[in-house]
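Let me begin by presenting the structure, written as structure tokens, before commenting on it.
Chain lettering (A, B and C) follows the sequence in which the chains are written, and residue indices restart at 1 in each chain.
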């Protein structure tokens, strides 16, 4: 990606809160990042750190109640999605920004055929007739590597395997040529070979359609293989953001370093959980003063315990929120 | 072919239910039911006359023989004549059944239809004042006794103390205008009473469906909210809705109208059955009970076939 | 046994949370207060503290509302207020007996069916539920009333026989879920007798379902009582709101509404409060509910 390009998506100071029985949980606390056209950005972090919520915010899909975007802006091609009327947002969903979900087994509607669900999207956003939409849908299914698509399209989701269903989701998501694809752990529920195939399919189609991809994942290996940049989240904050080379070769945040160090060297088995760092993620109601990673950090100082570090640019494309960033790669 | 096989298999598995319902009802209503001997003979009958009439009524047979005879009647659909009026049972039911259906169907259909619309509206506005208003009214509706509703509606609509628009009692289907004037108050009462329970049930079903992943997917692809409810959600809710509707049909047909029929003096099948129980009119009872059981087995069959129609995952096994 | 204690802790958490949630539910508290007042009225009528003259002719025919006759008098000059109060006792008798026994029978048979799910015991239990659910309620009551030779408890028996099936189905489902839990399997593995497992380990964990179902059955019972009494199948001795309404139909035709209104209002307020109480209980006890 080039620095002189305008960002496609510009998220600034996003705050998302959930009203729960135990109180208000701030799931996203002041997140800012940019996505440029045609790039792939990996969004990583432990379970519950707010990756899905970030993705849902972009499409205005935070379940409300209990959730709410309380602050911040999400600018997409010049429009602020947060303040955009619901109706205009609906026109963007599925056509300019698409999202693929983690659970292929349940993400499709079980009582309608693939054809019904795909043509629904195409007729709505592209103004096609049912017949044209059917044709376009078959072409799309063919592109994502579904054999005999004209037959498969007549089937119901339960007649397809998990990998097939996820391909259908991808076909549906890309059918209107979106500028941005949010892929929320698209391969977590699949077996390793299917995982690789599905990811490859996404990369291939990304080039064809010239779209940007936000790839949410637990798997740092996937990030290394497919992404141009990585964003690391912790407890509702972004703690590091960098291009892929710096992130893997020169992590600056102690948390990122910890994550990288605990990747098994030989990636022989599927990693569906981030490697373990000693200590536990604080829950959203008992956040420590200062740096949220403080309790688990080996570089922690009094300063860290008193004030929270802000995300600071280090170079043009790297930013880190740490008072004592790692300077030399240790391993 | 596959469906036919399925239907036959399903009917066979319905036999235990059929036997259970007929057995318990037979035991209660016929075996332990009123003894008609003295009613038919008067007080001063001779032992001979008594034996004679008991033999005619079948009272002298052992229980299981009588039950087996009943099953035979059930299979051949020949229940004989009513003890009380001498009218053939088939004729009696053929005369009263249409009245009960005409009486109850409008209220039943409207009660479910309006409830589904209200439930969709409440679920659509979940958490807002619209939702709270509809659900508040549902609890109020659930808390008013059917009896009170009938009496209140009668006072308000059919008496000189109210609007006095409709006939107080009775039944007449000779013209459509007559039918409307007699069916309106019972229908309003039925709708009023069923609305609360139905709305709550349907809203719960719809709200549960709203939390499913595929609904989030639909929203992520820009489906407008109204379409989301009427297309994506409603079809998924059909299984519990069908179950509730179909399984209430046998009860509605047989006894749902009993209270209305006895209050408004309408000669429907509920009233006839009720009278048959209190007077011990065995042939009528046997026919009605058998019919109920058959209706339930049919209901099971119909729901299974309808499930298949709305949910492709269901297989007829 | 440590398995037992984890189950106990889970239970305790559920209950203390439920009490907390309930205490913050305003509608729930109001309804509880109303139900309590009715309970006191019923107990007082039962203990002879008030409504003792419900059967006596204490005034003229259809006397209007006055300080002496709060709701006026009925067609033969009995005090409507006293009769309504006395009927509260009848209602609670019916409601409690039916709710308690139907829930107990349902819990027991449901637990046994669920514990032995898949076996012939379960099959028979399910068959029984299916059969009882398929017999039209009012006809069933009428039949039982006659079979029991006008026994005053015919109505109770019929209601219990009808209402237990719902409880049993719910408990059965819950037990099938609980059965696979570790502590139950552990108890099974170390040879705790099945009957002990059902009563000590499984049934206590379905108590929240029973409580909610108990309130729902109570409401169903008192609503049915009114209709059955009206049809002449219900309360035989004493007084009930259903009998008052039945009595009032003639008065209503003559334009005298006090009897009808009093019984209706007493019934409506109690059922409404009970429904709201039941909802609040459900909200408080539902572990899934956020």
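Everything that follows uses one rule, which is that contacts are C-beta pairs under 8 Å (C-beta built on N, C-alpha and C of every residue); 3 or more make two chains touch, one makes a residue touch a chain.
Please read all numbers here as calculations on a predicted model, not as lab measurements.
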item: Dominant interface by contact count, named by its two chains; value: B-C
item: Centroid-based (C-alpha) most distant chain relative to chain C; value: A
item: Chain B and chain C: spacing of chain centres that average the CA atoms, whole Å; value: 23
item: Whole-Å separation of chain centres (CA-atom averages), chain A against chain C; value: 52
item: Of all residues in chain B, those that touch chain C in their complex; value: 16-17, 20-21, 24-25, 27-29, 32-34, 139-140, 142-148, 151-152, 155, 159, 161, 250-251, 254-255, 258-259, 262, 270, 273-274, 277-278, 280, 288-289, 292-293, 296
item: Chain B-facing residues of chain A, complex; value: 59, 61, 65, 90-95, 98-99, 101, 103, 106-112, 120-121, 124-125, 156, 158, 169, 172
item: Residues of chain B touching chain A in the complex; value: 127, 212-214, 216-224, 232, 235-236, 310-313
item: Chain C residues within the chain B interface of the complex; value: 127-128, 130-132, 134-140, 142-144, 146-147, 223, 226-227, 230-231, 242, 245, 248-249, 252-253, 255, 257, 260, 264, 267-268, 271-272, 275-276, 279
